[in-house]
Structures are given as structure tokens and as C-alpha cells.
Amino acid sequence: MAKAIKVKNLSKEFKVKIKGKGLKGSLKAIIKPQVKVIKAVQNISFEVEEGEIIAFIGPNGAGKSTTIKMLTGILFPNQGQVSVLGFNPKTERQKLAYQIGTVFGQKEQLWMHLTPYDNFMFFGAIYDLPEKEAESRINELSEVFGLNEFINTPVRNLSLGQRIRCEIVASLIHKPKVLFLDEPTIGLDPVVKENIRVLIKKMNKEFNTTIFLTSHDVGDIEKLCKRVIIIDGGQIVLDDTMENLKYHYLNRKLVEAKMKEKIDINDEPGITVIKDKGYNLKLEVDTNERSIADAIKLLDPDKMIDINISNVPLEEIIREIYQKEGS
Amino acid sequence: MLTVVKNQIKVSFYSFKYSLMREMINKTTFLSNIIFMILNDATLIIQWLVLFSLVDEVGGYGMREVLIMWGLTANIYGISRLFFKSAYNLSNTINTGKLDAYLVQPKNVLISYITSSVSVSAIGDIIFGYIMLFLFGFSFSNLLIFSLLSIVGATIDVSISIIYGSLAFWLSRSDRVASTANDMIIYFSNHPEGIFSNFIKVILYSIIPVGIMIYMPVRIITQGKTLLIIFSLISAVLFCWLAYKIFQRGLRRYSSSSLMISRI
Amino acid sequence: MRKYYYIFKANIMSNLQYIFNIMISFINYFILIFIYLNVWQYIYSDPSKLIYHYSVQQMVWYVIITEMLWFATSGRILCQNISNDVRSGNIAYNMNKPYSYIGYVLANHLGEILVSGLLYGTAGLIMGLILLGGIPTLSLAYIPFILIVIIFSVIINTMLITVVGLISFWIEDSSPFYWLYSKLLLVFGVFFPIEFFPKYLQGFLQYSPVYVTIYGPAKLFVDFSYVNLFKIISVQTLYLVIAYLGCQYMYERGVRKLNVNGG
């Protein structure tokens, strides 16, 4: 299968001016500016096949946005090669733009006072689609993504979930081969998030769109992606299948419980007691070995006041990966 | 080539239409903005009434010439702010990284950007401008020349704004420079060139081209020197070209950006 | 009283950050003065001529002072803030705090404009000295009086702007009123002294805000006389009292209306 994205030895640095504190610092900065070099992206390489849904995740400041900007032609790399759909984003940005779609976080692209339909026609015009073609495309997308109900309601009257769906669909009018989604579900509630995830999966299935998804929400990508690249400090920490990641790192869940009375609890295979202080307990459960239900039973639900179950945070996963690499 | 231009015009037209529609949602605000602008422009006449009570002419202009000058200024201001309002916010847009959104679209970045918002009160300026012409210098040929020179002047004004705004690609604190340059054009364009020394006039025909935008057109309209129109057109083309080139240069630098100014 | 001083001081501190911005605005100030210098030099084709008892130097100094006041005390943002406070209901929260809203607004705004005022004042004086070579009929003895008049004028202006902002209690958008107020000041006070206007207008202008906020200080600067000083301070005192009472009254009526209607 053809490669949608090819990245080799990509690097990008930024020089940032440092200013000291207060008035003296400001004056010093004018006379003798001190510059700090930030290596946003350091020598990363990866390839993405056409039709893949790939997750590109990492903590804040890891270099995700910078990488996407280099893939879309907004920023030029300092070193290395980038090829998206056979185009060099630096020199063929406009040509590439016709073939890709982008949804950047919460940046609204839609006109709020227009209907989704008018918005879609507008985007069609931006991508030079003849009107007939735009119309048929809109109908098709509307069917697939269930927009018919509100396609003629002004965007400002839509619910957040409906609006975001339209934002994503708007980026599909021109049948892009690659869709870059940068934090598409940030700040959304779980129901809407799920909504969007279903939409993305459908998009990939129906149109074989390559999807490049960046996020710092592990839950986001767990459901969607077959392949994950984890980036931290500008470098690739992990490039593996979702299955492996799940098995080796995401299998662990944290269970925090507040009890009515002190209970006696010991480590068991698959369940480790992390914290046992007063009436508060924190357990780590290896879901490959034991189920959450078992852990709860162990805690005794009758004696529970409150319980909180969460994933192991991404930072923790990354730390572990480094440790494993080291050993 | 022609289809590219056609498509670009089509998208820009939609952009303008939708921006305007958005402003018209609240009809009262829309109308009151326009009316207030007309009144605002009119108050300047009081200053000239006082001055002309003292002398017969100022810098070679009588009341009629002053009002045509003011009408032309208002018209130029109106046309440039109505269609290209975003151009006057270029520095800020560059500094906050908002230009990125235009880089992922397959259209020309500069043109997509400058047509992305409209100013409603500018409509008032345009109306005022034509009122001045109708009251003080109306003739069919004057109407055509006035309209043409307004468009030419607006082109130069927007180009200046783009040139100074693009400085943000190179300097970090340049947003004030751009707005100062635009303000200067407005300040000078309320006063006849005859009161200024030759040294100042040189500046007014180059880096702050009020002379080309306003003074020369006033001469064309009131003294019938229609041949100068060619000079105006050539200047407009030159300023456009300069603006485009500088912006493109800056954009390249923006993308290779290895220098981002921030405070730590 | 000390709490107002702290608000005042805090605002000066934050303003120092914007000194660079203010310096750039000087260019606008200089350009305007320069343009008016050219206008008046042209009109006074004979420099020794007097128009309405003003010499060309006095005219240019007049504009320097009025433009300085105009730039330094720009109240558009203040008015907007008050309007926003009213519309959002924030204004009522201050009732619980042990200071008066009006006092707070005054102290806040004065702190902001102290820095810009000093900067523009210095810039204006330097520019005047360079362009005109001297200050007409001004002796050191007059300066304290002029400063008092300026301080009064700034306080009155702030309070009048507050009154305009408080209109938002009854009419949602107060910006047209602010526009009207500032336009009147500009057109009738900044470019020409009151004497340049027709007689029938002068009577009215002498009791208008123009007299106490713009004309007064500038007139004393270019043409000081104890008679005028007395007249100006009398009208200013009147305005101080009326404006303050006006503010308080509108604030109280307004907040009561807010509480009744639930904001």
C-alpha cells in the first residue's frame, strides 16, 4: 500500500529570547539579548500507510503541534525530510492543501450565523469544487454522518456535539486523502467525545481517509487507533500497535476508594495496594490478570463511601517506557 | 491562470458577503453605526468653519477644496476598511499565530486574510464621502473620477497597511508602528498640502503617501488635471506589488521561523 | 483613604509596563502638534499679529496643552469598563466591599493616567520649547495654580465619564453618549480657545464641561491672569460637587434598580 506520510530525521528548533525579572532584566535584554534554543522536534522518523488511523500522542509541549505544522506546511523543518501524499509541504503547500483536511482543536472554522449547508458550500468554493459536485458531496456526507436533521439550522443554534460534527465534516467536503485532527475532543464531555470518535471511525471506513490524530487524552485514542506513536520532549518514545500498548501499559487501572471504616487489605496477584492511609485506599489493578469487579469486591462495596477509577496517566506510561528501554 | 483568479474572487466575494450578513443580524446596531460615522465625519466641518472665518484660504484651499478633500479621505477610508478591515490588524494576527489557519487552505494567504472581516461604520464613511462630492463638486465626470481615485487611494492605503503590518514578521513590537503609519495618513489628509514645507511634502509623496492618495486627486478634481490619473494608477500598482512582495518574504520567514519572541 | 492610595499605586505599577506603548503614541501627538503648528503659522502670515488676543505661539501652546490632556485622559476604555460592570452586574458586588465604587473608579483611573499624564506633559513641554522657543507670560509662581486646575479638570472629566458609563443602568449601550461627550470636547475645546467661536456659543461654552476640563487649564497656561484663575476654579468647584453628587445618585438609583430586577 502507498505511504501517505513519510517523515525522516525531522528536526525543528526554536530560539527564544530570555528576559530577566523586573526593569533591570528588561534593560539587559535590550542591550544584550540572551537566546535559548528549544529543540521542539528532534530527529524523528516514521511512516504512515494510506487508510491508517494513527494516534500521535504526548504530554503538553512534547512537539505534537510542531510536527503537524511541519506536515501541513505551516512551519519549515530545520533538518530532515517530509513527504505527505508525495508532496513536499514546504515547497508544494498549496497543492497539498487541496488534498488534506485539518481540524485544529477548538478553532471554529464555521460561520456561526449560517447553516451547515451554506458553510459546506463555502468550503466547497474554497477548494474549487464545482457547485454540482459540492452539492452531491454534501448530500453524501450528510447521509453518512446523520446531519440531515439539522443541516439547515444556523450553526449557532446547534448543540456543541452537533457543531463539532459539522466542523469535522466541513473538512471533508473536498475528499481529502489525509485528515489532521489536532486535539479534536479537547474540553468536551464524554458523550460528545464518544460521538466524535464514532464519526472518525466511520470516516475512515467509508472513505479510506488516512487519519492523523494528535491528542493528550489516552482514552481518545484507545477506541480509535490501531497504531500509536508517543512523543515526548521532541523525540519518539514509542511507535507500536494499540494492542501492544494496551497489553503492556494500559492494562493497569487505578482504583481509589474512600471507606467507612478501616479494612484490612493485602496485595494479591494482579492487585497492588499503593496507598493505605486512614480511610483512603488506592489500588493498582492489572486488568490482564484481574477484573475491576474483583478489585471492588475486595474492597467490600458495602463499606464504601466513594470510589474513583482512572487510567494510569500518560506521563506515568512514558516514564515506564523509558525505564523499560533502559533495562 | 484565469480560473485561479476567478475562483479567488468567488471565495473572497462569499467571505465579504457572509461577514456583512453577520454584521447585519442586529439591524439597530448596524444602522446606528453607519449614522454615527456620518455624524462623526461631519463634525470636522466645524473646525474649518472657524478657520475660514479668520482667513479666505488655507494652503491654497478654500472651503470647497477642503470639503472635497475630506470627502475623498472619508471615501478612501471607507472603502479600505469595508472590504479589507483585517489588513489593519495584520501585526496582531501575525504575533498571535492566527495566520496559520490561512496557511492550511489552498488559497492565497494574503488575499484570504485581508478579506476576512468587514467594518460596518465604514459604510457611513463612504456615504459621507459621496455626500461631500454631491454638495461641492458634482458633475458626471467628477463622479467617475472621484470613484476611481477613491478606489486607487484605498488600494494604496491597504498596501501601506500590509507593508507596515508585515514588519511583525521581523520585529516583535511593531504593531504600534503599523497603526501609527495608518493614523498619520488620516491626520495629514485633513489638512491641505499648501501649509507644509517642501521637505515634508517629499515625505508625503513617498513613505506616507498622502500626497499621492489625497492631494493629487483633489487637484485632479478641482483643477481638472485629468492626466495625473495615470500617475495615480501607476503608483497604486507599484504599492500593491511592493506590499505583496514584502508579505510573501515575511511569510517565508514566518514558516522557517526559528526566532519566536517570548518572555520566560 | 489609604485603600484608595493603594489602588492608585497598583495601577501606576502596572502602567510602567506600557511605557513603551505610550512612547510610540507620542508620535501621534507630535504629528498632530506639528500639523497645527503649520496651520497656525500659515494663518498668522504675520507672526506679530494677534487673533482674538492670541499670538501664534500662544495658539500652538494652547493646542499642545489641550492635546496633552486629550491623549493622557482618554476615557473610552474607562467608560466601556463601567458599562460592562453595570451590564454584568459586577457593579453590585462592590456594595459588599468597604469602599465606594465611585472612589474605586476614580483612584483606579487616576493611577492609570498619572504615568501617561507625566510622560505627555514632559513630551509636550519639550516639544513646545523646541518648536516655539519659549513659554509666553508664564512665571514660576503660576505653576502650582495651573497644576491644581489640571488636577481638578482631570477629576471632573473622570467623574463625567463615569456618569456617562452609569447610563448603562437605563440604556443598554452608553457608547453613543460617550462619543457625543468626547466629540463635543474635541470640537469645541481642543483646537480653538472659546474666544474663537461665535458670541452666542461662547456664553454656553463657558459653563460647559469644555470650560472646566480642556479650555481652563490651557488658557491659564498661555495667558494667565488671577481673574481667569478665580473664574475657572469657581466653575470647577461647582462641577466637582455636581459631578460627584450626580455619580453617587446615579449609582445608588442604578444599583437599587439592579437589585429589584435581579441584574
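Chains here go by letter, A, B and C, matching the order in which they are written, and residues are numbered from 1 within each.
Assume contacts are C-beta pairs under 8 Å (C-beta built on N, C-alpha and C of every residue); 3 or more make two chains touch, one makes a residue touch a chain.
Quick caveat: nothing in here was measured; it's all calculated off a predicted structure.
A.B. asks: For this structure, which two chains share the highest number of contact pairs?
C.D. replies: A-B
A.B. asks: Could you name the chain whose CA centroid falls nearest to the centroid of all protein CA atoms?
C.D. replies: Centre-most chain by C-alpha means: B.
A.B. asks: As a quick test, compute the distance in whole Å between the mean CA positions of subunit A and subunit B.
C.D. replies: 43
A.B. asks: Please compute the C-alpha centroid of subunit B, do the same for subunit C, then give the distance between them in whole Å.
C.D. replies: 31
A.B. asks: Suppose each chain is reduced to the average of its Cα coordinates; what separation in Å results between subunit A and subunit C?
C.D. replies: 53
A.B. asks: Specify, in ascending order, the residues of subunit C that touch 2 or more different other chains.
C.D. replies: Residues: none.
A.B. asks: Among the residues of subunit A, pick out those that touch two or more other chains and give their numbers.
C.D. replies: None at all.
A.B. asks: Spell out the part of subunit B that touches subunit C in their complex, as residue ranges.
C.D. replies: Counting only subunit B, the residues touching subunit C are 32, 36, 40, 43, 46-47, 50-51, 54-55, 58-59, 173, 176-177, 180, 183-184, 187-188, 191, 194-197, 200.
A.B. asks: Enumerate the contact residues on subunit B facing subunit A in the complex.
C.D. replies: 3, 7, 10-11, 14, 18, 21-22, 25, 100-101, 103-107, 255-264
A.B. asks: Okay, in this complex, where on subunit A does subunit B touch?
C.D. replies: 13-19, 36, 69, 72-76, 78, 90, 93-95, 97-98, 100, 102, 104, 107, 109, 111-114, 118, 122, 125-128
A.B. asks: Under the definition above, what is the set of subunit C residues touching subunit B in their complex?
C.D. replies: Per the touch definition, subunit C meets subunit B at residues 20-21, 24-25, 27-28, 31-32, 35, 38-39, 41-43, 51, 176, 179, 183, 186-188, 191-192, 196-197.
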